[in-house]
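Attaching a single structure in structure tokens format; questions to follow.
In order of appearance the chains are A, B, C and D, and numbering begins at 1 in each one.
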Amino acid sequence: MTLELEGVSHRYGDELAVSDVSFGAEPGELVGLLGPSGCGKTTLVQAIAGHVRPTAGRILLRGDDVTDTPPERRHVSVVFQRPTLYPHMTVSENVAYGLAARGMDREERDARTRDYLDLVDLEEQCDSYPTELSGGQQRRVELARALAPQPDVLLLDEPLSGLDPTLRERLRDEIARIQRETGVTTLFVTHDQEDAMALADRLVVMNDGRVAGSGHPRRLYDSPPTPFVASFLGRSNTLSGTVVNQDPLTVAFGDAELSLDGTNLRRSEGETVLCHVRPKDLSFAPAETNGASVSVTGEVKRIVDLGRRYDVTLETRTGDEVVVEEPARPPSRDESVSVSVPGDCVTVFDGEQSDSSRLS
Amino acid sequence: MTLELEGVSHRYGDELAVSDVSFGAEPGELVGLLGPSGCGKTTLVQAIAGHVRPTAGRILLRGDDVTDTPPERRHVSVVFQRPTLYPHMTVSENVAYGLAARGMDREERDARTRDYLDLVDLEEQCDSYPTELSGGQQRRVELARALAPQPDVLLLDEPLSGLDPTLRERLRDEIARIQRETGVTTLFVTHDQEDAMALADRLVVMNDGRVAGSGHPRRLYDSPPTPFVASFLGRSNTLSGTVVNQDPLTVAFGDAELSLDGTNLRRSEGETVLCHVRPKDLSFAPAETNGASVSVTGEVKRIVDLGRRYDVTLETRTGDEVVVEEPARPPSRDESVSVSVPGDCVTVFDGEQSDSSRLS
Amino acid sequence: NRTAELLVPALLGGLILAYFALPFVAFLSRTGAANITAGLSTPETQHAIRNSLITAPIATAISTVLGVPLAYVLARRSFPGKRLVEGLVVLPLIVPPVVGGAMIITAVGRFTPIGSAAAAVGVPLTDSLLGVVLAQTFVAAPFVIITARAGFGAIDERLEQASRSLGYGPLATFRNVSLPLAHGAILAGIVLTFARAIGEFGATMMVAYNPRTMPTRIWVDFIAGGIDAIVPLALTLLGITLVVLAAVQ
Amino acid sequence: NRTAELLVPALLGGLILAYFALPFVAFLSRTGAANITAGLSTPETQHAIRNSLITAPIATAISTVLGVPLAYVLARRSFPGKRLVEGLVVLPLIVPPVVGGAMIITAVGRFTPIGSAAAAVGVPLTDSLLGVVLAQTFVAAPFVIITARAGFGAIDERLEQASRSLGYGPLATFRNVSLPLAHGAILAGIVLTFARAIGEFGATMMVAYNPRTMPTRIWVDFIAGGIDAIVPLALTLLGITLVVLAAVQ
């Protein structure tokens, strides 16, 4: 592993900011660290970069314990949310800054600086000062400066926050390309699930200082381990059902019964379980129920037209509020409709677990 | 009209921030003012609130010219992006602040304050100080404070910026509900197209100090008047085609021809036009072309898995780069695929106009 | 390792801190030896204390009343000639106090038109309590202006804009929002101005060598009786300053 | 209407600005009458100028070298006793200069252990140029410390963190990033400290009435010859201060 965190915890005074976090990054991997503000992401970045000494746990880089190594000897580069280019240096001087520290001679330094300015497509701005660049260009210079010393690990701490959507998406593609081309092991920290999903080879989702789930983005999205991950990785509906059969697990929503083959959960008959299903997996369909999907009926409460889709909110007969994403032709308000819930898109959670990790 | 802007322009020194902007808001309407940062939105908010005197043009409230009226006599309330609650006053005192200015007696003031704290569901926090509240609660108190004096117009200046996605969506629903319940004429200023689409009865899209388009959100989304509006209201693909017939307008993409009944554009045969189509309207389909849709073939360059969908980027034979949003099963990289372009989802732009208003 | 980084600044900084602390401690330890009550009982000393306690608060009040609105305008507005005004505000800080005193004399001294006119109607502007106030105000007023300006500048202007939109005029907004929110900075500025005014020496010596204030009395007594003669009054002056400082913290 | 809002602060602020400007203008207009060259040609005056030009730069240099690292630590670190250190840094600002001078005498005066030891080896700490430097440093050093601290505090700490991550130790980061970025604030602090040092009067009068500096010479000449006798030297002192100020702006 290029980067490993082992049981890292950190307190600020009385407050536990990070609690027993362990994860790692393989060489060349782009790991997304995703979580809401205040979940401890920034503390982890600071700990990996060496600006915060965690109260417990170890940080390893290429197998060496660096927990007590000062930042300048870690070979970890950081790009922060707010630009940190040096205003008193030109673009080239900024990019060359990390090379001089490594005692590289002038010629090699110039060549390397040119290479990395080329990588971010800003050779022509080399003699400009940072203030003369646009916001997007500044970000790209930051990337070049961080990458030029060829660090073992690149930390990207919310590099897309606060940018306009168009610029944001363009820079995201740029980061993906640069990471692919340089092959640098990268930890991408964000609170935006779309950025994380789009970029990461693997996701670590954090909540309240702890790891709430980790794994391949698509698998986490499709089979979230906790309700928190379910709702943080994308919108989520919760339907309460009653277990009517154990093997295969069959859950009843009102009259309709759905058999869930894929789950390993063991639940007693009569128990209430919470079923999670994504709004985009629901569709308005004629009321037919078979083993593989179930039809739930409800009344349309609200329709929001988002252009690319309609969000239709309905209240089911059992009192749950359910959002359906409908790309084209929404029903009308107060209409009574049937929604088809496909069994393979449903995840079942424990009632208690759900309560404890619900979004506050 | 409750609010009207007539040819409003504003310069800061030499820089023209807003140029000849006119639009209005009907009583009870929620108008979304949408545009990238630096497009002049904030200057307009400041002009409507009365903190900036526009260099040219007039601002009317309920038909009266208020261009030179000081803010305190306009009955326009503002909620800014950053919280502006008074830290030295309790929540109730903050909400009551605007009532005392109107000489309302104590009893009525207390009742009104309670009503509006009730509206935002924060009666229990009435004696707290703003710093004791969460970010979302603070926003709600701001709303209550702005609404309690029952202003003619409510200005919301990026009230959702910088919030976590979950909180953001919840507050958006809250704003929609409150606006519905109070019926206050509202101008909602944002750079986020989803927030704007979700909330607004009518959209005004700005770019570079000018109005780039305005109208019903869905109509603007489906038939954008300019390429800027097309790409700012959602993702947009641009395909270049050649006019092969005038009436009905028929455009050829490589071999395939598409007839566009809906457009009023007059183009000479042989002319090159830019056709805009949204990624979500494209689909991978067997290569069949008829009058109503056309099949364009290309090679898959990149696939991004966003969880809720895949973004598949391909390069067409004519050299255009096209993004297709595919909900379920994407093709593989380097595969050669056919994409079906439905004629009724295509908007044709003038080549020159497109150049001038392209995103920079 | 990480504390090693701090070795150089700790050594250098420690040196200057020790140099600040040493005289303070030596002075306080000296007070045991002196007879404070006896030292303060002479009529000259009591006059000096009275004079200082009259003039310094007046100079502070003038500086505050005239300076705080100016500080607000400087924090919020831009206008032609603003740079000049800013220069004028720091001028008394830059000018050495004795030169400041000389300047005041050239402006309102006995032989100037203003000074002689004032003296003619019985309010001499030099060698009088009024002269002391003039000297103190000139030297001390910039502190409250600069500190209050920083305080107003730190308030997000949108808080004031919100107040305007909620129906309050500029004056009411200043009173309800700007003043309460900048009140810490303004108080700090007032204390600095008071400390500077009550301790003022150079300009006062020039403008009003008589009547004596505490600092000029200390000087006269020091010449006559050496360090032991002045410990009680110096301690009293220091005490008043520190008490005022502590009262507003 | 909108200018009416400004009427009250403009009136009040204009009053104090006029009071700052009037002495300055009156003083400058007086210089035409005086014979500057003649006034500066006496050996006493030239000694005073030389003494001031020796002591003030030394006091400023000491304050800067010892104070800037301290300012950086105060801006970046928290440590036990930080409040006490902050209190010590502002203490000389609060203490009236004559009291400060009295304090220095109680610490290093002729009859104290330190003072007599130093005098015995031939470097008297009072009534000497060294005494002047001690007085100036005590009074003027807080300016550079406070201003530099604000300058360092205004730098986003992440710029320094980025430098560390790019391979530079704390000292190199301080030199490459913190110092260049705070350099405007530090220079401003140095100028303030220099202005305060070269104009220092109260503490110098107590600690080193002899040898004379420009301010003490002005006082002595004023007593002997009135305002006209001191205009040349006062103008020179003001000129040096303003030139230094202008040089770094």
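The definition used in the following text is that a contact is a pair of C-beta atoms (placed from the backbone, for glycine too) under 8 Å apart; a residue touches a chain by one contact, two chains touch by 3 or more.
Not measured: the values here are computed from a predicted model.
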Original post:
Any chains in contact with both chain B and chain D?
Top reply: A, C
Original post:
What is the minimum number of touch steps required to go from chain C to chain D?
Top reply: 1
Original post:
Which chains touch each other through the most C-beta pairs?
Top reply: C-D
**OP:** Express in whole angstrom the distance between the two chain centres, defined as the mean CA positions of chain A and chain B.
**Re:** 25
Original post:
So what's the Cα centroid distance for chain B and chain C, whole Å?
Top reply: 55
Subject >> Contacts with two or more other chains, residues of chain B listed in rising order >> reply: 70
Subject >> Residues within chain C bordering two or more other chains >> reply: 169-170
Original post:
Along chain C, where are the residues that touch chain B in the complex?
Top reply: 156, 158-159, 161-170, 172, 176-177, 180-181
**OP:** Enumerate the contact residues on chain C facing chain D in the complex.
**Re:** 5-6, 8-10, 12-13, 15-17, 19-27, 29-30, 62-63, 65-67, 69-70, 72-73, 77, 85, 88-89, 91-100, 102-109, 112, 137-138, 141, 145, 169-171, 192, 195, 198-202, 205-206, 214-215, 218-219, 222, 227, 230-231, 234, 237-238, 241-242, 245
**OP:** Give every residue of chain B touching chain A within the complex, in rising order.
**Re:** 36-37, 162, 164-166, 169, 176, 191-194, 197-198, 217-218, 221, 231-235, 278, 280, 304-309, 311, 327, 359
Original post:
How about chain A: which of its residues touch chain D in the complex?
Top reply: 49-51, 70-74, 76-78, 80, 82, 84, 86-88, 97-98, 101-102, 145-146, 149, 151
